[in-house]
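Listed after this line are the structures, all set down as structure tokens.
In what comes next, chain A is part of two complexes: it sits with chain B in the first one and with chain C in the second one.
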Partner chain A sequence: MKKLSLFLLPLLLFLLVSVFLLQGLFSDPTERKSSLLNRGVPDFSLPDVMNDSIVYGPEVFDNQITLLNVWGTWCVTCAYELPFLTQLREQGVRIVGLYYEQDLDPDFGAKSLRQIRLDIDKKLGQLGNPYAFNIFDQQRSLSLDLGVTGAPETFLIGPQGKVLLHHIGDVNERVWQQKFESVYQRLSGQALNQQESVR
Partner chain B sequence: MLAELGHFSLVLALLMAILLAIYPLWGAQRGSATLMATARPLAIGVFLFTAFAYFCLSWAFFENDFTVAYVAHNSNTLLPWYYRLTAVWGGHEGSFLLWVLIFSVWTVAVAVFSSSIPREFLARVLGILGLVGVGFYLYMLLASNPFERLLPFFPVDGRDLNPLLQDFGMIIHPPLLYMGYVGFSVVFAFAIAALIAGRLDSTWARWSRPWTLAAWIFLTLGIALGSWWAYKELGWGGWWFWDPVENASFMPWLVGTALLHSLAVTEKRKVFKSWTVLLAISAFCLSLLGTFLVRSGILVSVHSFASDPTRGLFILALLMLVIGGSLLLYALRAPQLRSIGRYQLVSREMMLIGNNILLSAATLVVLLGTLLPLVHKELGLGSISVGAPFFDQMFVYLTVPFVFLLAMGPLSRWKQQSTSALGRHLLMAFGISVSAALLIGLGSDSFSYMATLGLVLSIWILVATVQEVRQRIAGSGEMFAGIKQLTPSHWGMVLGHLGFAVMIIGIAMVTSYSQERDVRMAPGDSIELAGYTFQLQGVEPLRGPNYTGHVAIMDIYANGKKLNHLEAEKRFYTVQRSVMTEAAIDVGLTRDLYVALGEQLNNGAWALRVYVKPFIRWIWAGALLMAIGGCLSLSDKRYRMAKLAHKASTSEKPQMGKASAMGEIKRADV
Partner chain C sequence: MRCFLALLLMISFALNAADEIYDFDDPGQRALFLTLSESLRCPKCQNQSIAGSNALVAQDMKRKVYQLLQQGYTEQEIIDYMKQRYGDFVYYQPPLNPLTLLLWMGPALFVLLVLGILIRRRNKPAVQADSAMLAKAEKWLEEDK
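Showing the complex of A and B:
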């Protein structure tokens, strides 16, 4: 009997591994625990990408549920999610863009601000514009504070300016339904109740 | 139309595989010759229908038939015709079709070349292969059909092949690798068939050896090519990344290497039987696990195919059935195996046990390193990544004792080796290797411990190998006559071990003495690195069939003399919108000069990366030597099947068997 158990060892090891493989199959490999979850958005003061004279701070997230979407025209995957985000906007979701430019375009060197604006206009004109406005993260300072590792990344920010969800990778229909929608509905339900109780 | 025929042909191949999984196995159980005789025609049928399906898909690529979804996703009219044909394995579905095609090739090879293996055993082997095949074909037809149409709305042009794959290395890397992966399915089938029959004797080991060798050769070449391609194509001069998918191909290789050695012991000495069977099963299981890791998207890797959970689930189920089932069979049957041979502490058996323990430990290190991030996260402990430093360090620790044993193994005798004789040899090898390495190390400009260690190890192998050949031919008096007497398989071993020594030199030198510079250069500028002068002549626009870009023209001088003229490209593939570097390399025996073009800066200046990589060719040369060694062993007369059959039938008579075993112990070649 003792001998049999020794020969069973490989099987048991394999079964153990396969439990983890099964679990791993249903979780996103790019998912990471964000250190910012349930904390406030870090302080910032950054201009609008289209208009330097407008400057935004953390108060733009007050009293509203917002999706903060990190993107850039150079980012291929971002282009994929633009149409879906635009759909969300049409359903009434408020989406704010956090735009950042790469230091240097891999092909054509540094871009002028004018060129960046032209590119943004072109891209959003082609694929749909989901954004209420775009914050221009010139030095990537806010991205750094938010723990952004690349683009696209999307944060769900609650009415108190708290980061409730952090998603790495594109937001598509499946991601939205599985990850965002329930939290979003709960929040907007709460917001409605509060409004009614005020009345 | 042809796509539908291809699809239908795959369905027929599946049906054949189902029959192949039922009739021969049943026939072997019942002892029915008629049922067992179906095995060969069915195996050929599976192959023919798969080959036809493969042809149909290739044709769709060649003709730019973008109504086929897979073609539309992986090809483009601008793609040259040879890349259109190799684009067949550029994505998930097509590469799996290639996998299945290669699987059917191996099956046919077993059916054709094993005519002399006992009927019953062959029927079982082919039946097991059929059983595994059913899983593959079902998976392809249900979860990743390459013939799916995009009708009625199909694109005018395709999305192009991933630019990373538009390279010569990529044309042959996947087929070779798959030949290796899938080749282990044959060894697996032999092991399972032997377990079912309850007959795990040295003939089983002897039948398995050529198949193991063949699969191992392909895997060695496939991995080496992959490494060479990454070096050339990824633009930063690395040759091994410990990427999960590389690890997935490395694990079967490690186990396959252990299996090669362990099979030798089982054949010659009839010991380690249950261990050898476990290795034979593991080699294929790790290949399957690798497939799962690549194709399910469970790990983050540059190699990942577009993934969805249903596919992953299907492969996992397949994994559970094949691996779980075979390990269960193993657990039930292995305790009955008896090893009869005896051996002393200092003997070739013990050295090979050491070899196997170290190779298995290496496999476990790679397995743990690959799966730990996953396990860690699933346990809710957060994301971690296991990087190259961990693997590098572990492999240094493992390589030193491994090389120590590698030198001792061939020098030792089976059963018992006199310690003093072995000691004399080793003392001499040790003296030579340490002093030679120190001389070289101190003679060079900068001393590095790692490089010196690498030199000691490889010279140690070299000296011990020469000693071993001398010891072997000493008995025959004259030197040349003695050399002639050595069998091809013995030369195979010698070459394999030398190849490993060559590879160690390459690795040690590259890791210790590589030099690199990131520089900003305008046309006319020049820089110095390791005694070479790199002068940028200019950067010119570039236009290819499906890309545009820039090419940097670089002249290299050494001691005032012009050495070479390099053109490093940066390509922008217009359809996929991705940028690729094509590094320019001046190849040399003792160093590579490597130039990669970076980004354009202002004022016409460019960012460039320049590397000097000493001895990097030796890494691949070592792998090539190992593979050639494998081919030599494979060519040995011992593996000619007709002869084997004769021997096998005679060795069943006890007195003859003993005599032949004795003869082999005297020859004692692994």
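Showing the complex of A and C:
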């Protein structure tokens, strides 16, 4: 009896540790739940990146399902997702860009606004333009309020202006199918039903 | 030697430069800023505090901590401010909730387990040697001679 337990106990411990470590192999260290989920988009008042006179607030997310995509021309991975996002736009998904500039350090300030606009035009001309418009997060204040850790990141925002998904990293076909599509379909189904009931 | 001195001078300048970005009138506030930036975790990097990281988001967070301190936020208010945006992950001390219960209770459970084993061992009566067993042992000893 004692011998058996002496044999079984280490084996059991070994199995436990193995299972624990095996799990670690498949877990994504950057994956974490956004603390903003199911809460409203924080208040902001920021200009359009192409035109200072247009100022956006949280009301731009009202009554529409929106993908809010955090990006910059300096960001390499963002360039990879632009063609796929453009495809999504062609399928009718509304995508709003949250643009921020890495070089535009509030302490120093390096790149001119003119240069930024030229770079954006060039990049979107080359790879496709998925954006309905781009909000310019000059001081990265909205990014901070949204818990953005870098670029690219994408939020799915519901018609009530609630954050429903927060994805860190690029959105490609696999991510879209696994993470976004079902929620997006469910939401647009609900929106359709509401429209019909109003009629 | 001169080269070495120049190098030393450059290093000390560099250290100063990193220090100079944030000016505090109150040394207490400065100390608080340093503790906070050591105890807040950079969300972009794997296990670096925002003090130790040069990631853009860490710089932005340091700047925000500085601004909030200037606005008179307390330490706890700043931690809550960051947690609200980046989750519990951002603070090095995990909160006590069902998910982290094992983490917090683990050491205590372990000590209890060891204590339990020790007490059971002590209470166990010493090995009982009855006369039949003793006689058998005697016999083996005899045979070995």
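We take it that the second predicted complex is superposed on the first by the 168 of 199 C-alpha atoms of A that agree within 3 Å, B and C clash if a C-alpha of one lies under 4 Å from a C-alpha of the other, contacts with A are read in each partner's own complex, and residues count from 1 in each chain.
Just so we're on the same page, a residue touches a chain if its C-beta (ideal position, glycine included) is under 8 Å from a C-beta of that chain, and two chains touch if they have at least 3 such contacts.
Fair warning: this is a prediction, and the values are worked out from it, not measured in the lab.
Chain A has more of its residues touched by B than by the other of chain B and chain C.
By the touch criterion defined above, A:26 reaches chain B but does not reach chain C.
By the touch criterion defined above, A:8 reaches chain B but does not reach chain C.
Contact with chain B, but none with chain C, is seen for A:76 once the two complexes are overlaid on the shared chain. When both complexes are overlaid on chain A, the residue A:18 reaches chain B alone and has no touch with chain C. Applying the stated touch rule to the two superposed structures, the overlap between the chain B and chain C interfaces on chain A comprises residues 29, 32-33, 105-107. Chain contact summary for the complex, chain B toward chain A: residues 274, 278, 281-282, 285, 292, 296-300, 309, 312-313, 316, 319-320, 323-324, 327-328, 330-331, 334-335, 371, 374-375, 377-378, 382-383, 570, 572, 577-579, 599-602. In the complex of the two chains, the chain C residues touching chain A come out as 21, 43-44, 46, 55-57, 59-61, 63-64, 83-89. Across the complex, chain A meets chain B through its residues 3-4, 7-8, 10-11, 14-15, 17-18, 20-27, 29-33, 76, 104-110.
Of all the residues in chain A, the ones that touch chain C in their complex are 29, 32-36, 102, 105-107, 140, 143-150.
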